[in-house]
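Down below is the structure, laid out as structure tokens.
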Amino acid sequence: MPKRKICVVITARPSYSRIKTALKAIKNHPELELQLVIAGSALLDRYGNAADFIINDGFEVAAKVYMVLEGENPTTMAKTTGLGLMELTNVFYNLQPDAVISIADRFETIATSIAAAYQNIPLVHIQGGEVTGSIDEKVRHANTKLADLHLVSNEDARERVIKLGEDPEMVINTGCPSIDLAREMEKETSLNFNPMEKYGGVGNEISWNDGYIVVMQHPVTTEYSKSREQIMETLYAVRDSGLPAFWFWPNVDAGSDGTSNGIRTFREKEKPENIHFFKNMDGLDFLRLMKNSKMLIGNSSAGIRECSYLGVPVLNIGNRQQRRLRGENVTDVGYNRFEILNAIKELEGNGRFNKSNLYGDGESGKRIAEILAKVELRSSKTISY
Amino acid sequence: MPKRKICVVITARPSYSRIKTALKAIKNHPELELQLVIAGSALLDRYGNAADFIINDGFEVAAKVYMVLEGENPTTMAKTTGLGLMELTNVFYNLQPDAVISIADRFETIATSIAAAYQNIPLVHIQGGEVTGSIDEKVRHANTKLADLHLVSNEDARERVIKLGEDPEMVINTGCPSIDLAREMEKETSLNFNPMEKYGGVGNEISWNDGYIVVMQHPVTTEYSKSREQIMETLYAVRDSGLPAFWFWPNVDAGSDGTSNGIRTFREKEKPENIHFFKNMDGLDFLRLMKNSKMLIGNSSAGIRECSYLGVPVLNIGNRQQRRLRGENVTDVGYNRFEILNAIKELEGNGRFNKSNLYGDGESGKRIAEILAKVELRSSKTISY
Amino acid sequence: MPKRKICVVITARPSYSRIKTALKAIKNHPELELQLVIAGSALLDRYGNAADFIINDGFEVAAKVYMVLEGENPTTMAKTTGLGLMELTNVFYNLQPDAVISIADRFETIATSIAAAYQNIPLVHIQGGEVTGSIDEKVRHANTKLADLHLVSNEDARERVIKLGEDPEMVINTGCPSIDLAREMEKETSLNFNPMEKYGGVGNEISWNDGYIVVMQHPVTTEYSKSREQIMETLYAVRDSGLPAFWFWPNVDAGSDGTSNGIRTFREKEKPENIHFFKNMDGLDFLRLMKNSKMLIGNSSAGIRECSYLGVPVLNIGNRQQRRLRGENVTDVGYNRFEILNAIKELEGNGRFNKSNLYGDGESGKRIAEILAKVELRSSKTISY
Amino acid sequence: MPKRKICVVITARPSYSRIKTALKAIKNHPELELQLVIAGSALLDRYGNAADFIINDGFEVAAKVYMVLEGENPTTMAKTTGLGLMELTNVFYNLQPDAVISIADRFETIATSIAAAYQNIPLVHIQGGEVTGSIDEKVRHANTKLADLHLVSNEDARERVIKLGEDPEMVINTGCPSIDLAREMEKETSLNFNPMEKYGGVGNEISWNDGYIVVMQHPVTTEYSKSREQIMETLYAVRDSGLPAFWFWPNVDAGSDGTSNGIRTFREKEKPENIHFFKNMDGLDFLRLMKNSKMLIGNSSAGIRECSYLGVPVLNIGNRQQRRLRGENVTDVGYNRFEILNAIKELEGNGRFNKSNLYGDGESGKRIAEILAKVELRSSKTISY
């Protein structure tokens, strides 16, 4: 019997962490063949060139697709998606996969979804059913309505996808593969690398042995013009906290220029002594860094997902993760430097939280591969009500 | 106060009939400015060049966009959508509308929806919430999840859109503007033109004064390869019925070549004496033709919508209109010539049905314009559950 | 030593005949690997689906690219080219060829040329240096200015490419591979198949044993709107000649709808008894048909090329082949039915012409492969004056 | 009589300087109407957002087109061009100009040329016929072969375009409009603004009253990977010269990341005290800055053009301007810090050169407008030999 060809499209660095253990499990499954497509910002140096990490991890690449338009504004986001749709259609047409996996809710993922759905290729959507602010909210649920099989990250999401009119048999809570990675490093008891030595970055050499914090704050697309002032609040609060901080640049999105710009200006002007900046980091090392930190600050989904499993305190700023299911490790604050600073102090006192399985038990990758091998694949559906 | 700029994108001949009275009402509304974009098959001669009719009706065109790839298969459908997305993004960027209207569920309408949603332009979706078979089903509900305001055609649709997690205040049953046109001709008591004289067409000169039937059957995209054999069943049944028949070629879609091919082959081989074929017809004349016919046969949505208001008997073949709300005037049959032939005979005996307001009362266009002028427009939302 | 990867892009049925023997020679050359890309109208049924013939001939296809926009007008020609450029860029990026071959002068070939040149892949242009009317003229010389190696069909072309400022060492007269095919059938003394039996077609069953003519007339793009009336002149002349005629539909181009339309209308109205129409034919069979005909009529380049080698009389209509180097077998006339009819009669009396090597000696394919294996490939150049 | 609509497409900051006075003259000409399209990097902040300057100068914009793909490598250059071709085709189709102007030889200008030529719109090419290294060389001459009217910058170029087979009547030496701007400031005797005050920039506050130099060095696309090491040589040489230097970041091109990267690294590591860096500057101010400088260093075409008129010494590095016609003000050196440093010292001793009219007399803009109003516009041509 020929293997089922499963085509996965990765369009950004963070998506890779969300799917990596599933990729491995698909690659190793005797009844599956992995067709990996790398596209969008995952090919770009400015956004951490995930392609290099992926190839380094031993995956073969079936096709690469440049598709990101410069401009980082709503207009280029839409055009990028159109370009991606045209090119991914061609890629699928030539690869002839048995199923296509579209990941989560980045704006360009709808290109993957349409390219598969319109070509009658069964579409699997990973991590649907969650709720957030911003354009991701529209994209995620539109992906759900285009997809035939839904592999979600938690019970809450599973119920929501079913409410959206999907056949309950095709909605399965597999947990999130990103938790698998977190689980792998549970045995590690301290940070086993020097971040500045291994990844360079810019800014002061900071002393991190007695504890440090990690910051990652992305622009929120529907608040495009405000991203600069928003990041400023966080920058001042973290500077004023005096805590050693490892800070990550945002990934590609309308407004990231505002965020990047804010960081750049702040650095030139304020020369913060307690902050060191990184462009990007291998996903596992980033996890290690978080796991061993005092807390994560910003609006990264890693705070909601991996950190809940790891019990790391999270200071979640603004509404990017608004209404996403969260564990007790998450404290929410607004875009205000004083509010942020106070919350940092409070959280620092709290210490670590209990581990939670809210987003998975660490076996999601294998579970996903197994489902892909066994499920009856179809490419047509009708709403359940 | 500046007028609200309402951008409407028409991508196909049938979409024009579904929106025409709303276009007029927008154009004439003191607080609204109409920005009309004609794209896709609406520009192509092979599909009845709706552009000519539109311009003839006195509308000004803000932009035209060629975007249909040749091939009429699932791959070119997806590419067409990607191309449309890129180009419509550019058109909206340059026109700067206050709201964009995306119509119903043709595959390329998702390009309109994404181009607006990603650029934070409030998106109005017309005729969502219905249920059908085929790819339209996925497209329609994805459009709903991208849209901010939903103007639906019936109560059933209104309830379904709300179930999909939309804010009830933003879901309004306006009825379908196509019914407005049907209402306009209620006073006409007989067909006021000779179809063959006015529109030419090919095939025998048929005698229609004592009653005739109308046939319009489109390919169903998820059954792409079967469109040829499906049309054959209808052709034989209509031929064998002996009833004078006016038959319309299908519009652009994956598989229409199968349908067209079937019709062409049948004509060459069988030379049916009772059928006359048309490429297309002005929307109002088509309505008149239906209104005065013995019955409509095929799978056109006009059978479900306009004919329910007009009380015209409809023989609906196959699952293209599956699960769409229907009046008592509709009889469903499968793709089988004998079944079809029997149903024709039965329906012919039945005569006319009572008029129904299921899809509107004939005032939808004005109602839509009024809402567009008054509603608070927004471009961001969160699911209601 | 790794084989040189030679990527050839075929975008239309006629291009395949022009390169077929070179493809074979590349495929069989021990130092070369063929990467065959099929794109544009070569994938479309309406234009004779060259892909089927190519695969049938035993070639493997590295990638297929749908890229033709519907409309067949100047606007869609330009868009088709842009779309092709984007997609072919991606194909070359993923295939990583050592050289790309762009064929002749169809409008979309410039997409192949730019995609290679901009990516610093050595570009080989086949059949440059000729002179014609219409947009092809601009495209051909622009291709020359983008290309690094020029493999031309005749001495006249070689001199012209050198005059255009190209390095004489990189301009080689290989002859035209289409002549190789003509040579292969020199030994055949009569038509070895019944065209209507083998290829169907439409129109009367005509009697061809006592001699017949072949007609193939394409629209001329810069005279877009005139293509309908131009074809009418030829149709009347051929009908009035009374000679049994095999007539071929035009290939995709702005205006082909005009041509096709003209043919269709003429058939319905005049029902010509002496003409049988074909959509397309295997290249070799078409050659056989020409070789055994009384004459070729129209504006096909086969009249200029293959027919000069075969000595078949050619009646060349209009300026599509204007200024292309021609043998004594070619008689030129304008778009006028009386002129055409007179010329048919005159040529019919003349009989066959002497064979000429103007466009090659029948060994071009091998010669091209040999050059591709040995030449020093480069992707940068400077004008010679 | 309706005005002739002249559509000009500006895709980059430097192109604007090359056409500005012609734009003004077209705008003010009673028989002409200007349709200005801004596209490509001219819309992007990272490349100096020429759009802002253009709008500030009082021009109305008919359409804007985002089209630059991220990646700054040969693959994205080609895709950018394909995307531009599709979009500009649509823009021209909707604007219906009587002629389109394509400027010089940037890679994306061929999109403008094809979009016009294929739609049978008369194409005017500005600044053809010159000779350089890199991909520009192929693009420029391909533009020439697509264009119908050639307005060149010098006699040498005029002769070369004619040699390329163009009709001599359609090749006119108008001079370069960039010289018009140089002429306007001949009366100014010293720098009338403080560059650092007016434009910010980064790096040391340098003392420039006693003379300074200007540096602008772009990556050379066919030497993509080398751009980083090339810029390093210049950076060390300029640092070691000790002369106060105003340095400009490169514009968008494959490899500019290499150049930018080199500059960034050098700044962090070497903290050069005598160099101040600018992202961009209004064109006139840049001219003023050059005019009053001791010399221009790098590979900007301004050194070849404007500086020859102004008599400013130029140190031209590498082969980007290879074989472009140059005045006695230009000294050529290779990518070698010692060679560069020596040449700087030598040139500093020399002082100013005599003014030359090699690239125009300062009346080009008006001359171009006049020609556009009077010339017989056509969109078809045949090579002259």
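As written, the chain order gives the labels A, B, C and D, with residue 1 at the start of each chain.
Here is the rule we use: a contact is a pair of C-beta atoms (placed from the backbone, for glycine too) under 8 Å apart; a residue touches a chain by one contact, two chains touch by 3 or more.
Bear in mind that the values here come from a model prediction, so they are computed numbers and not experimental data.
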- Where the contacts of chain A and chain B overlap, which chains show up? C, D
- Item | Winner on C-beta contact pairs when C-D is weighed against B-C | C-D
- Message: Averaging over Cα atoms per chain, report the distance between chain B and chain D in Å.
- Response: 51
- Task: Could you please state the distance in Å, as a whole number, between where the Cα atoms of chain B are centred and where those of chain C are centred?
- Result: 41
- Mind pulling the residue numbers of chain C that touch at least two other chains? 66, 75, 79, 83, 86-87, 90, 93
- Interfacial residue positions of chain D with respect to chain C in the complex: 74-75, 77-79, 81-87, 89-90, 93, 107, 110-111, 114-115, 117-120, 131, 133-135, 137-138, 141-142, 144-146, 160, 163-165, 222, 224, 322-323, 379-383, 385
- Which of the residues in chain D come into contact with chain B in the complex? 63-66, 83, 86-87, 90, 93-94
- Note: in the complex, chain B contacts chain C through residues 41, 43-46, 66-71, 75-76, 79, 83, 202, 252, 257, 268
